[in-house]
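These are the structures, in structure tokens.
Both complexes below contain chain A, partnered by chain B and then by chain C.
Up next, the complex of A and B:
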């Protein structure tokens, strides 16, 4: 199995080739470049599965492929030389994520045949080329073996999402949404860049794994009680970890940089599925998981991650409740679900966070592709109030969508329940000792209720009741290329929870937590990148309410109860033949929720009321002071030369006289200095 | 009585002063040329006098160079004067003042 890793670079390179092919020859190809993308992502998927099998048989891969700069490191501690390299790190986490990303990308490509090709879109070569580049960047990001390489592909992912969100660039809203996504995530990435520089400057290395990784260097710095840049080692680790977290918050759409994500719905629905399930948004959380050892060194950074995650989970869920557009509901659910993952990672639940990342990838891709199918059915209508009654007309879409919805709402036994419950359980046991985490847990718990409510509000409005428009009465046909990915993902949304049935394992004392063993390196792992290695670094205390089993039951019971009550409320309000809006009952809160808590407004105000005047003042300083100095120097010389040039009369006699006078003057001066006249 | 080097220097100074006076006061370009010639020759006298005084030949060699230079200068100068006359119908140096800024 050793040789199989030699093909690892091809996983990312296949989609890159597809990008080039689709861009150059897409116009002449039968499906406008779709086939290139499908073959490439299919190849990536096959190779990724091979990697997974290889890792399962106990192998790991950590290899530097290309070194593009070596320099003297001005590092505080650690190595004298710093190397910037491209390398590949395939450990259990990366192998798992590779499979997820390539699977979702593969299914999205197939779905695009039905969603884009069959609908007669123009610009398809551009679309498939962007998808290829997107998949390439994400796959390369996933198995990057150092922080700088990760940063580069992180940026490339952002660029690709810009291209794809703005795919319909002739509309007014899409380019603006694309710009917003790019700028907002870029704002976060700015901090990430600072973090990369800070880490490189501190430890002289940016490697994720191995003996000279920055994680190991940071750990020994804390043990030795070093002082880094005038801070204690732990404080400095916290600062750099939080800087990197800036990029995570931007990409994973956490509060307060979540505002780009709902607008990103302007892109094609297939792109939304890819962005939300496997690539762009997942990149942020994956980065935290990738360098979890570093975060584990800093309880403060972890607590901030957990709190931001818990808050975002609730915050986004409440906004999802009042949205009328099916894609908008899903957008807010994505923000909310990534909040859960952040909470899970923040409380040290590495396995729980990764587990939810995996399950979410399946069910959110399913829901978005389901929404795409609904949009095709509805002749491109996205308003849920114009849908209804699709249940009988499109049973495959309905049942797969329902599977995704049940997983999203966290209803037992669908996959979402198992991972969300594990996150909440981990948060609860830490929260019993740490009040901040308890607050985050409480917010995430309330969010479960809202999740159940908005999910089933969406399901009931879309599929149940009587058709509320002509399009809903006579839906458009959908082909196999739409149905097949839905079925695959529907099955995964149902069964993916088997990977880690932690509550069952704890209650029945049977060993079925496969994902935990997987991430703990029981098959193959890079040293230091395992769950138990992270566990040793964590400083969190845990406590139980009357024993472990009772705590498990309480955590699962409360979250299930809330999920059911949310779903039940949605059922009561909207599962009627002629549902009506109930927003009036929200009173004053309605306007706030529909305006998304005025987040856009305050950010626009911040840009227009603060940044712009500041930029204007800087511009004025530049125009007046800096330019003024430069201009006055040139004005002075221009003026003096315009006066001085008058001695050039054009009369050769004058010149000769000047020469002689000058010579005599020089003679006199030299004579005076030389002392002739004394 | 031997002729001391100071006599040569006085002669060369007088010649140079005459040439300089010509340049500063005359307006005719031909007179300019002659005055320049006088100044060059004043320099030549100086060179030869000091060569004789120091007893080596470099000054004399330089004087030969200067003569060649003077010949070339006259050729160029006459050419310029010819052009001046063609353009301005005059050889007065105060007329062509347009070639300044």
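Up next, the complex of A and C:
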């Protein structure tokens, strides 16, 4: 089984080949590059599954493949050289994520056949090439064995999202959204890169795993009570961990760097599915999971992650309730759901966070592709108020979308319930000891209500009631390439929860917690990268209400109750033949919500109202003062020479007079210096 | 005699092209330029030097013979390459060839003179990087100015006279300051009777100058350090000596911009590394470390802010060069292997990337006859390949990983962050790094306005796909940028080999 790892590089390289093929030959190919992408991601998927099987049989893979740069650098803890390498790390986490990413990418490629290739779309080779590069970057990021390599592919993921969000570049809005996505995430990546540089300079290594990983080095530095760059070791670890978190907050669209994500809906819906479920946005949270050992060393950093996550979950969910565009609702739900994952990881719920990452990948890909199907049905209409009644006309789309919605809302027994519940439970038991975490938990709990509400508002407006436009009366046909991915994902949204039925284990003592065992390295494992290893580093205390079982019941019961009441309210308001918006009931909050809490306004102001004028002022300063000095030096010399040349009149008498005057002047000076006049 | 051959081929080629008919001058110059390009690539593969050229290193392709003797002083023809100059020579020859091809479309008058001058520049640039005797070096250094002055002054834009004179006078005055300072230093050193840079370096590191014209040895060394720094700062250029650069770039024809940004600016940083940071002992440099680091950070941020305010594509790239050169200065002053090595790498990398950017902007200009951001939009619709390369080049400029710019910037940041000789190195690094956000801002903004959006053009021209000979050189550059981004060790290894002796002798600030 070990030999199978020799093919690991191909997982990422297949889509890279597809990128090159689609870019160069896509024009001449029958499906404009789609087939190359499908074959490549299919190959990646097959190999990823093989890796999963290999890990299940107890093998792991950690190999340095390529030396990028090597040199001498005195690090803060005393190492005197550093190597920057490309290597592959396939442990349970990476193997799981590889399968998720390649599966979603594969399904998105197939879906694209029906979605993009259908209607005389130009630029398809560019589209498939970008998808290939996107998949390549994400897969390489997932199994990167060190922080620098992870950063590099993290950035490439950002590039690909730029290219794909701006795919319809002939519009005004798509290029603007693409720019915004790259810029906002780049702002986060600035901190990430600074964190990478700081970690490399501190520990002389950027490896994720092994004896010479920066995690191990940080742990021993803390144990030894070292001083790093003038800070105590733990403080410095917190600082660097938070710097890296900057990149996470940007890519995973957490507050306050979430503003790019709703705009990113300008891209094709297939791209949204890929970005939200498996690549760009997932990359941020995955990075926290990947270097969880480092975060576990810093309770402060974890608490900040938890709080940001809990806040973002609620913050985004409230904005989702007033959106009219089906993709916008899903966009805000993505921000909110990644908030849950951050909360889960932040309270030390490593398994819960990864579990939700997985489930969310399935049901969010499903919902976006479902929304894509709806958009096809609706002849490219995205406003939910013009839909309605699609339930009977497109049953496969409806039932799969419903499965995704139930998972998103966290309704038992759909997958989203199990993972969200586990996150909330983990947050609650820590929160009972830590007030900050309790606040984060409370926000995330309230968000459950909003999630149930906006999810079913979307479902009812889109599929129920009477058709509210001609397009909804007479929907466009959709083909198998659209339906098949929906069915696969619909099934996964329903059953993926089986991977980890933690409450069942706690209540009924039936141990169905595959994922926990998986991440704990009971199959294959890399030392130090297991759930229990992280558990030993974590400094959080936990407490229960009554007992463990009662706490489980309370946590699950409250969140289910909230989810149902949110969904129920949506049912009452919108599952009627002629629904109305009810926005006036929001009163003063309406304007704030529809303006997304003015987050865009202040960020746009920072860019256009502050930075641009500052740049123009700098330019004026440069033109007038700095260049002014340069020019005045030359003007002064030009002026004096132009005056000086006037004395060259060409008349001998003038020259003679000047000679005499000069001689007298010289005599006077000499006389004065020589003291003749004293 | 390989270096002599390189220079001779370019020089003879320059004269041949000069008298050739205009019709064939472009093709002829390209054919001739392939010889030094090929030769230098062969030299690169056969490179067997080690150590630093000024610090008793093993020179590759060295040759030396006495040239002029006056009084007790002698001037020698001394040339040779080490790991720092070798990549720069290859950069020069390749970029010259590509610049010649990129001139085929825009240059349509006095072609033989134009291409002759380009080859003449190439010869002198090779000389600058290869010469190790001060006088020989200085002759090449100054001789670069004249053809560049003519390229801007004859084939330039509407304000070409102003720009050309500003470029010439400004950099020439700076050279004068530097020249005077260096001569004073050599006279001050007393027992040194040659102008060979290795001899001067040895003397500087073993006791330094005794004094000159009544100025004490230590003071003299510091004064000369400052004077030479100022002299080179204009060339780099470092803020606040940068204002000639945007004017020169805007008026210069595309190929001149390519060489100007690609190689001429590197003369400044190369000379800073060779002279200021290699010759002078640590004690002399120490008081200037913080001011130089500050000036580097200011160059990065201020240059980037200026780029943000521009609406002329060439000015944007020109100011961003100021910003990028700030990184190089930061890397040099960090005085670590990754800092100085990364700075040298960044010289090569920026040469390739800025060359690519100027070519891409040039191709768009050839078609639209405007460079104003406000005059066009949606160019991607009409020139997909050229725009694709422009976008790729822009991301290279932003330091996208797996392209050479990222390696240069990352190693500089890494080298500077932990620099022991630089107080507050973490703060300086963090401030300079913010440049990577601003650069994304102005380049993406420019792209959004010009190449994306609905197609629109203010000027009255039909825009069509660029011809192959406009596109091909850009592909070559893009290929090199990606190659160096994926496999930086191709040159980084020889660079660090030449950088190490600097840190060992002068080092540990």
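Here are a few things to note about the model shown:
In the analysis below, the second predicted complex is superposed on the first by the 606 of 678 C-alpha atoms of A that agree within 3 Å, B and C clash if a C-alpha of one lies under 4 Å from a C-alpha of the other, contacts with A are read in each partner's own complex, and residues count from 1 in each chain.
FYI, contacts are C-beta pairs under 8 Å (C-beta built on N, C-alpha and C of every residue); 3 or more make two chains touch, one makes a residue touch a chain.
Keep in mind that this is a model prediction, so the values were computed, not measured.
In the superposed model, A:46 lies in contact with neither chain B nor chain C. By the touch criterion defined above, A:512 reaches neither chain B nor chain C.
Looking at the shared chain after the overlay, A:607 reaches chain C, while chain B stays out of its contact range. Of the two partner chains, neither chain B nor chain C is touched by A:439. Shared-chain residue A:554: touches no atom of chain B or chain C.
In the superposition on chain A, A:657 makes contact with chain B only, not with chain C. A simple residue count on chain A separates chain B from chain C, and the partner touching more is C.
Once chain A of one complex is fitted onto chain A of the other, the partner contacts of A:593 are absent, as it touches neither chain B nor chain C. For chain B in complex with chain A, the touching residues are 20, 23-25, 27, 32, 93-94, 96-101.
Chain contact summary for the complex, chain A toward chain C: residues 67-76, 148, 151-153, 155-156, 159, 162, 166, 169-172, 174-176, 178-179, 182-183, 186-187, 190, 193-194, 197-198, 200-202, 229, 607, 611-612, 614-616, 618-619, 622, 626-627, 630, 634. Of all residues in chain A, those touching chain B in their complex are 645, 648-653, 656-657, 660. If you check the complex, the residues on chain C that touch chain A are 166, 169-170, 239-240, 242-244, 302, 305-306, 308-310, 336-338, 341, 378, 380-381, 395, 398, 400-402, 406-407, 410-411, 413-415, 417-418, 420, 426, 429-430, 433-434, 436-437, 440-441, 444-445, 447-448, 451-455, 488-489, 492, 496, 500.
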